[in-house]
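In what comes next, subunit A is part of two complexes: it sits with subunit B in the first one and with subunit C in the second one.
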Partner chain A sequence: MPLHVVIVGAGPAGMAAAIEARRRGSKVTLLDEMARSGGQIFRQSAIDSELRVGLPSELKRKADLLSGFNAISDQIDYRANHTAYALFEGPELHVSDDNCSEVLKPDVVIIATGVCERAVPFPGWTLPGVVNVGGAQTLLKSQGVKIGERVVIAGSGALPIAVAAQLSKAGVHVVAVAMLYPMRSLLVHPYALWAGRRVVLEGFSYLNVLRQHDILMLSRYVPLRADGSDHVESVQIAQHDGTGRPVPGTEKRVGCDILALNYGFTVNSELAAMAGVDMTYRPEQGGWIPITDQFCRTSCSGVLVAGDSGGLRGAWVAQAEGRIAGAVASRYYDERAVSNLSQEMSQSFKERSRHQSFQKAMQQFLQLPTGVWGWADEETVVCRCECVTQKQIQTAIDNGHTSLNAIKRNTRAGMGWCGGRMCMQNVAAQVSVGKPSEDLQPMTPRPVARPISLQAIRNQTIP
Partner chain B sequence: MTQTADILIIGAGPYGLSCAWWTALREPKAKIVVVDEGDFACGGIGRNASSMRMQWGLELNIKLCKESIAFFEEAGKRLDYPRGIDLRQQGYLLLAHDESTFAQFKANHELHKKNDVPSKLLTPEECGKLVPVLNTEGLVGGSFCHKDGNASPFLWLDALLQAARRLNVEVRMNTRVDRLITQGDRFLVVTREQQDISAAKILLCTDWAAPQLLQTVGIDLPITGMPKQGLVTEAWPEIVAPVVISFKHDFAVSQVLRGNILAVVAQDRPDGDDTRSTPDYLSFASRQILDCLPGLAAIKVLRTWGGVISKTPDMQAILGETELENLYIAVSAYKGFMTSPAVGRIMSEALFDSGAHPEAAPFGTERFKTGNLIPEPLTV
Partner chain C sequence: MNAPDRRIRKKTGDSFLFEFEGRSITAWPGETVAAALIASGHYNLRTAEDQSNRGLFCGIGMCWECRCVVDGNPNTRACMTEVKPGMIVRRQHGVG
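Then we have the complex of A and B:
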C-alpha cells in the first residue's frame, strides 16, 4: 500500500518533496496558503508581468523546479489557498480554506513552511511605509508592483542586498542601503544565505547591479528612527560601534517613502511545536527550530520537517532537503529502506551538506549584536498586534516575570493576531540580555497556527 | 537554609494573592510568604473565561459574588492600580432552552430580589433584542443582570501581586512545594528547590492540586481536577454585549473590553490534569457556539487553550481550617476569579479568628463528613 504523504508548503522544499514522493509512488497532498506555488523565492506572478525579477541563474532554477512540478501536479492532490492550522500527534493535520475545514490523517506529514522575516524595533518602525524587505520583494514578484518611489533599505545578511538589486532593476529608486555589517566581510565570506559557489556568484552580480545603479551603500549603519506625520518621510541612520550601538555625531537623515527592513528570520515552526516535536532555540537560524535527524525525522512519529522551517539554510538546501524528505516519507515505516537512502540519494545528501556548510559562515551576519536591543526607546511598540511597548515588557521583567509565557500573560505580548511570530524572538532577546538563551522556553504552542473563522471550523469534513 | 514565615500561602493565583493582600492589611506585622511552583498566572487564572456574575441559585454564592463585584468596581483604587482591570459590566444573560431550567431561573429570581440582585427574567424576544446574533429558536427564556460582566484576570492578578508586594508580602515564583511536615506547633515546608520554609500557619491555595499536598499530612478531601478548554477570537466591535451562558450548550461566551470573544465550551472529559489542546475541541466548540450564536460565524479564532478546573462533590468552594490545626485551605470549585476578592477577606479573618468563621463555616470541610452538601443549581 502506498503511503499517504501530506506536505505543508509549496516552496522549493515542499515542491521537491512532492515530486520525489510522487516519483516513489506515494499518494501526495500538497497544500499552501498562497494562491500559487513557488514559495518565498520562486513566487509566481499573478499577472503576466513584464518584470522578470531575479538573476538569470535564479530564474533558470525556478523554471526547472516548476517544470518538474508541473509534470506531476495532475498526479497529486495540490491545494492552493489552503492553510494548515493545527497538527496533532497521529499525525492529524487540520486544514482550511475560507469556508471549510478538513481533518487529514495521513501516514506522514512533511512540514515545509519556510520562514518569515524579523525586524528589530526602533522608534517609528510601526509607521505606515515601514515594511519588511521580503514584503517589498513579494509585491514585486507576485504582482509586479513597485512598492515606492524612494526606498531606503536597512538590515543584515544577504536578503537586503538581493532585494535592493531586484528593486533597482525594476526601476525603483533605492536611495540607500544601510547594512549592519561591513560590506567587506560580506565579500570575503560566502555571504549569501542561500549559499554555495553559484550563490556567491549570484551575490556578486547583485552587488554589481547596485554599483551600476549608483546606490549609496553604507556598512556598519543602523536605523535610529523613522519619521513622518502619517507615513514615513525620512529615516535617521547612524554608524554603530561594532556592537550595534549608534555612535553620536554620525547621524544622517535620508528622505524616503518606503523603509524596508530585514534583520533575520523567524521559522514557521508552530505546527511542529504544536504536535510536540522537540525544539531548540537558535536565534541566528530563526528562533525555535525543530530538531531533526539527517532524514528530516523529528521526535514525533510521522512528522518530518524540511527546508527553512527546519532552520534558515536557504533555497538550495531547501530543495535538496525536500527531495530527501519526500523519499523518506515514502518509505517512512521501513527503517532499512530509509537508512539505504543516504546511499541511494547520496547526491542530494552531498548537495545539502555542501550548501549547509556555507550557511554556517553566513549565519554570523544574522547573529545580532546586543546593542541592537537598545534601539527601541521606552515608548517603542515591540508587540504590534497588542501594542505592547518596550517599557511594559521591561517592567514585567523587572517584576520577576522572566519566562515568555509569564511575560505574555503579564503584558499581552504575543497574544494577538500573529501568535507571537513577529515579536517573540525580540521579547526573548530582551529577556536574555546578558544571559544564555539556550534554555529559554517558547510560549506554549496552541492551535491555531493561523486565524480561522468559526464557520470554517464548523464546516468540517472528517475522514 | 530554612526561611521562616508566620503565614505561608501556597499558590499565587487570585485566591493566594487576594488572601495575602487582605491578610497583610489586617496583620501588617505578620511575615507573609507566598510561593508558587510556576510563573505569573500559570494556574487557572491564566486560562479562564474572565466572567463574573451575582446571578447564582444559592445565597452563599450570591453574597460572595456581590461583595466581589463591588470590589472589582473599585479595584483600581483599592489596590492602587490606576490602569484598572478592564471591568466591563454589560450584564450576564443566562439562557434556558427547557422549562425546568427556566423554572430554576424563576426560583432564583425570588432569591435575587431578596438579596438585592437586580436580575430580570426575559422572554426569548427580549433575549434576542439584547443579543442580536442569538438564535432564539427553542429558547424558553432568559435571566439577566446588568451588574454582571467580565474583567481581565491578568490585570486583576497583576494588581493583586503588586499591591501585596507593597504591603511587604514576599512572593516567590518558581518554587514548588513537595511536602508538608508537622514539627511541634509549626510546619516544615519542603520545596523542590530545596529552600525549605518553617511556617506557623499554612494556607493552601493550589486549587485542584490541593490533594497532592494534603496527602503528605494524611488529609483526604474530595477535590479533583477536570480539563477544560477555551478559545479566543480576534477583536471585534461589540457584538455580544452581555456574557452569554447557555445551559443547553454548556458554554460561556464573553466579549471582553478589548473586543476579543472568549468562549469556554464544556466537553465530556475524564478527571485529570491534562492541559493539552485536544484535536476535536475546536470543531465541537464552534458547532455549539454557532448553534446558539450564529451571528458569530465570520469571526476568526486566534487561539485555543486548556486548563484544569477544581471540582468538589457539590461544586462549591472549600474554605477554612482543615482537621489539622493551622493548616487552612481555600479551593475555588470553578469560580475562583469572580469570588477571589470576598474569599481573600474571609480567609484573612478566618486565619486569626478563634473558632469557626461564620461566613467560612458553610464552606467548611465538615460537610463532606456530615453530608450537608450545598449544591449550586446554576453551574455550567
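Then we have the complex of A and C:
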C-alpha cells in the first residue's frame, strides 16, 4: 500500500519533497497558506507573470523547480490557501481554509514551513514604514510595487544585500545600507566559500549592482531610532563598538520613507513543538529548532522536518533536503529501505552537506552580539501585538519570572495575533542576558498555531 | 499633490476603485490591499492599543501588524487580502 504523505509548505523544500514522494508512488497532499507555490525565495507574481526580480541564475533555478512541480501537480492533492494550524501525535494534522477545517490522519507529515524574519527592537521600530527587508522584496516580487522612494536598509547576513540590489534595480533610491558586520569576515572560511560558490557568486553580483548604483554601504552600523509622525521620515544610525553598542559621536541622521530591517530569522517550528518533537535553542539558526537525524526524522513518529523550518539553511539545502524527506517519507516504515537511501540518493546527501558548510560560515553574521539588546529603551515596545514594553518585561524578570511561560502569563508578551513569532526570540534574549541560553524552554505552543476563522472550526470534516 | 504610483510597470487592463478611509484608491486585479495602498503612498493601517500607528511589517502574513477592517470585518490582513472593486477598507483602532 502506498503511504499517504502530507507536506506543509510549498517552498523549495516542500515542492521537492512532493516531487520525490510522488515519483516513488506515495499519495501526496501538499498544502500552503499562500495562493501560489514557490515559498519565500521562489515566490510567484500574482498579477504579472512577466515580472522578473532576481539574478538570471536564481530565476533559472526557480523555473526548473516550478516546471518539475507543474509536471506532477495534477497527480497530487495540492491545496493552496490552506493553513495547517495544529499537529498532534498520530500524526494528526488540522488544516483549514477561510471557510472549512479538516482533520487529516496521514501516514507521514513533512513540515516544510520555512522561516520568518527577525528584527531587533529599538525606539521607533513600530512606526509605519519600518518593515522587514523580505517584506519589501515580497511586495516587489509578487506585486510589482516599490515599497517606497527612499529606502534605508539595516541588518545582517545576505538578505539585506540581495534586497538592496533588487530594489535599486527596480528604480528605488536605496539611500544607505547599514550592515552589522563587514562581509569580508567570510574570507577566513575558504572551504565554505568554495562549497557555497554558486551562492557566493550571486552575492558578488548583488554587490556589483550596489556599486553600479553608487549606494552608500556602511559596515558596523546600527539603527538608533526611527522618527516620524504617522510614518517614518528619518532614521538615526551610528557606528558600533564591535559588540553592537553604538559609539557616541558617530551618529548620522538619514532621511527616508522606508526603513527595512533584517537581523536574522525565526523558524516556523510551532507545529513540531506542538506535536512534542524534541527541540533545541539556536538563535543564529532561527530560535527553537526541531532536532532531526540525517533522514529528516524527528523524535516524533511519522513527523519529518525539511528545509529552513529545521534551522536556517538556504534554498539549496532546502531543495536537496526536500528530496531526501520526500523519499524517506515514502519508505518511512521500512527501516532498511530508509537506510539504503543515503547510498541511493548520495548526490542529494552530498549537495546538502556541501551547502550546509557554507551556511555554517554564514551563520556568524546572524550571531547577534549582546550590545544589540541595549538598543531598546524602557518605553520601546517589544511585543508588538500586545504593546508590551521592554520595561514591563524587565520588571517581570526582576520579579523572578524567568521562564518564557511565566513572562507571557505576567505581561501578555507573546499572547497576541502573531503567536509570539515576532517577539519570543527577543524576549528570550532579554531573559538570558549574561546567562547560557541552551536550557531556555519555548512557550508552550497553543493548539491553534495560527489564527483561523470560527466559521472554519464550525465547519469541520473528520475522516 | 498627485498621489504617487509605485508600480514598477505601467499597468494595462482594467483598473477599479476601492475605498480607504473615505478616499477612492485605484487598484488592479490580483493586487493585495496592502500593495494597492502602498502603491499610492498610504502606510498607516491601524492604531494599536497604546495609540501608536502601525503598518505593513513582515509583508508575508506572519506578524498581523497590517490588520485592518475590510468590508466591516476587523483583523483582516492587508498583505494577504486581495483587493476587490468597491471594497471598503478602514484603519483598525485597537481590537477593531
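Criterion: the second predicted complex is superposed on the first by the 449 of 463 C-alpha atoms of A that agree within 3 Å, B and C clash if a C-alpha of one lies under 4 Å from a C-alpha of the other, contacts with A are read in each partner's own complex, and residues count from 1 in each chain.
Following the convention adopted for this analysis, a residue touches a chain if its C-beta (ideal position, glycine included) is under 8 Å from a C-beta of that chain, and two chains touch if they have at least 3 such contacts.
Computed from a predicted structure; not experimentally measured.
Of the two partner chains, neither subunit B nor subunit C is touched by A:73. Applying the stated contact rule after C-alpha superposition, one finds that A:405 touches subunit B and leaves subunit C untouched. Contacts of A:417 after superposition: both subunit B and subunit C are touched. Which of subunit B and subunit C touches more residues of subunit A: that partner is C. Legend: residue contacts after superposition of the two complexes on their common chain; A:33 is shown touching subunit C, with no touch to subunit B.
Applying the stated contact rule after C-alpha superposition, one finds that A:298 touches neither subunit B nor subunit C. Of the two partner chains placed by the overlay, neither subunit B nor subunit C lies in contact with A:425. When the shared chain is aligned, subunit C comes close enough to touch A:117, but subunit B does not.
Of the two partner chains placed by the overlay, subunit B and subunit C both lie in contact with A:451. In the superposition on chain A, A:348 contacts neither subunit B nor subunit C.
Residues 416-417, 451 of subunit A contact both subunit B in one complex and subunit C in the other. By the touch criterion stated above, subunit B contacts subunit A in their complex at residues 39-42, 46, 154, 158, 161-162, 173, 232-234, 277, 279, 282-283, 286-287, 289-290, 296-306. Residues 4, 6-9, 28-32, 34-35, 38-39, 43-45, 48-50, 52-65, 67, 75, 79, 82 of subunit C touch subunit A in their complex. Considering their complex, residues 33-34, 40, 46-48, 51, 116-117, 126-132, 134-140, 143-149, 170-171, 230-231, 268, 381, 384-387, 416-418, 421-422, 451 of subunit A touch subunit C.
Those residues of subunit A lying in contact with subunit B across their complex are 86, 88, 90, 92, 94, 101, 103, 274, 396, 399-403, 405-406, 409-410, 412, 415-417, 419, 444, 446-448, 451-455, 457-458, 460, 462.
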